[in-house]
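Letters A, B, C, D, E and F mark the chains as written, and numbering starts fresh at 1 in each.
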Amino acid sequence: MVYLTRKCEFSAAHYYHNPEFTAEENSRVFGKCSNLNGHGHNYTLEVTVKGEIDPKTGFVMDLKKLKDILNAEVMDAMDHRHLNKEVPEFARAIPTTENIAIAIWQRLEGKLSVAKLHRVRLYEMQDLFVDYYGE
Amino acid sequence: MVYLTRKCEFSAAHYYHNPEFTAEENSRVFGKCSNLNGHGHNYTLEVTVKGEIDPKTGFVMDLKKLKDILNAEVMDAMDHRHLNKEVPEFARAIPTTENIAIAIWQRLEGKLSVAKLHRVRLYEMQDLFVDYYGE
Amino acid sequence: MVYLTRKCEFSAAHYYHNPEFTAEENSRVFGKCSNLNGHGHNYTLEVTVKGEIDPKTGFVMDLKKLKDILNAEVMDAMDHRHLNKEVPEFARAIPTTENIAIAIWQRLEGKLSVAKLHRVRLYEMQDLFVDYYGE
Amino acid sequence: MVYLTRKCEFSAAHYYHNPEFTAEENSRVFGKCSNLNGHGHNYTLEVTVKGEIDPKTGFVMDLKKLKDILNAEVMDAMDHRHLNKEVPEFARAIPTTENIAIAIWQRLEGKLSVAKLHRVRLYEMQDLFVDYYGE
Amino acid sequence: MVYLTRKCEFSAAHYYHNPEFTAEENSRVFGKCSNLNGHGHNYTLEVTVKGEIDPKTGFVMDLKKLKDILNAEVMDAMDHRHLNKEVPEFARAIPTTENIAIAIWQRLEGKLSVAKLHRVRLYEMQDLFVDYYGE
Amino acid sequence: MVYLTRKCEFSAAHYYHNPEFTAEENSRVFGKCSNLNGHGHNYTLEVTVKGEIDPKTGFVMDLKKLKDILNAEVMDAMDHRHLNKEVPEFARAIPTTENIAIAIWQRLEGKLSVAKLHRVRLYEMQDLFVDYYGE
């Protein structure tokens, strides 16, 4: 069993706002992130798959195929986008690093065949990241 | 003469749009950056000052003071902001990495006393950065 | 279940010395680290907590609260300190990366409420780090 | 139980080629990596061992000893080498990141005494790495 | 005048060998790099151009165009290649970091129009890099 | 003319104290750095030399020779040392990043022969560094 991790990066805008909170609560809970004009990040995504090595290729899975899936499911949907306004998962859920990581897991999970999705790690900044294992 | 550089990071949203361009031109020239919903980045800023060392302290300038200036002039204005909507310089100028670097230079230049501003380096992403020397 | 990791950095001095060793043993076992004048490092600390996402906020735990705990329990005690001389845990235990990681775990473990401490990772340098899971 | 990780780096050449594939298959499956002239990488290796802390030293294992083992088993064999031509494991197996990680595990596993090998992580590039736990 | 820098990465094999040297001289001067089987690196290239900002776009030069030039002149020629065997400049010159940086400068210099090539920086590894300004 | 840069790292302890200042002044000017127990850093040093390429080797200067000079003049003197207590330059001068960079320049300047020392860059932490050109 080998674990293979691929990194990619996307740039997106977002803000944090709970419509059930008062303005004061939104400001207190979310601080500067509650600015409705939005701000943004370079998100770094690490996707880890696990599987057996195919002895004919030495690969757990074809990297070109993995990249195509990441492009179709994540990059096209989230890169250079406003997460609150353009990504359906965040029409209601708040696009925190936690929730984005789960959304990426759900987008990728059914798309892999030879290997199994093991972990989604998402960095919002260099000093803050989230891991999700589908549990 | 010693050059002292301090890094800091801010997270902001922006988009690229020239109102004198047609929609087609904006899309062709600015690509994914022309999305008016905005996207965002973790900008890394390196500010370099130069000066003589004060023999009493061993410092070119007090780092706490430099940090205070960066906070007042750059971080408060740009961090967790939408550059097009909230930073006056970009009411009309397009907030490209080039233009943001110049805006930061202009905000800092008159605020230093013992040392002289030498360079503003701004990273939009790890693989793209701009240097401005006030020339 | 989501795992949230926060990084921070502290700068400290230390040396390695076992008073039960002879001078020769201390020198042989600890090499350059046995210099009693001390040397130092920029330690990078990654603290990982795990928990369920609060649907009202999208957070596993409030990041400001986590930062306050890290500041009170770790940064105030260890940043810009001499570990052997100023941190009680190292009055007798040798402040190796291993022992510092455990000390940080013990300082943090009882202080978290909504989330559970999962891992303390401590880098002494870029090419050397330790993980402790409280086991 | 503490986990200790040491990083090192080696520079090697390789190519991907399955002699049972036709030229077309090799080209389709391995892309630019199938160039028989070879290309190369700076591989970053992270070796993690786990064990109890020796109270006399504060160490899971002696770092100098670990470094000696890494030098003897990995660096001497792979650094500044052509993996296909000079490393016996790759006389037949294809030197993919997956297979190199396993070869490193097998070279190291029997050589440790006080600590136990836990994980071999190998980066081929910054955005691609493999983990192997000996399972 | 603004300086714009773009990074990219390529993976190549090479060896150091001067046919006018004896085997002993090649080994003494070039050490492990003299292994004729070759070894390799992930080279990181930073290309800096300088120019005035176009007020219509806010750009010193179009980044897509710069990327196309880098791909055509550098990446296609050097990525996943054996520098000694496949890059004409190194049929005779030794492909040291110094000589590769100059070769890249010469390949790029005549291809830029609106901006002027200012610097080629090439990293062979994280701790070794070369700058060339065309002087 | 080519510029060649080599990085290395050393770990040292220091504190900031001016004996002509009162205790209050030392505390106000130097903050946490005034703690006389000392603290420490992993300093990253970049040494840049410039020169013509030797056509026989493709090198500006022999890297092994450069490393030997760095080891003899800087690493042996400063690595795993307390700068205030063990490095003669700081018996009186305060070991700020500025002053350490100048001390390193002075130690290296006369030791190079084929190439010329161009710049000493010293990082105290990732977000703070100093450049000195001998001017």
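Note that a residue touches a chain if its C-beta (ideal position, glycine included) is under 8 Å from a C-beta of that chain, and two chains touch if they have at least 3 such contacts.
No experiment lies behind these values; they were computed from the predicted model shown.
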Would you mind working out whether chain A and chain D touch using mostly the same residue numbers, over half shared, or mostly different ones? different
So how far apart, in whole Å, are chain C and chain E when each is placed at the average of its C-alpha atoms? 41
Distance from the mean Cα position of chain B to that of chain A, given in whole angstrom: 27
When centres are defined as mean Cα positions, the distance from chain A to chain E in whole Å is 34
Can you tell me which residues of chain B touch two or more of the remaining chains? 126
Which two-chain combinations touch? A-B, A-C, A-D, B-E, B-F, C-D, C-F, D-E, E-F
Applying the document's contact rule, which stretches of chain F touch chain E when the two form their complex? 1-8, 48, 53, 55-60, 62-64
Touching residues (chain side chain D, partner chain A) in the complex: 16, 18, 20-21, 29-31, 93-99, 101-102, 126-133, 135
Within the complex, which stretch of chain A touches chain B? 9, 11-14, 32-33, 35, 37-42, 79-82, 85-86, 125-126
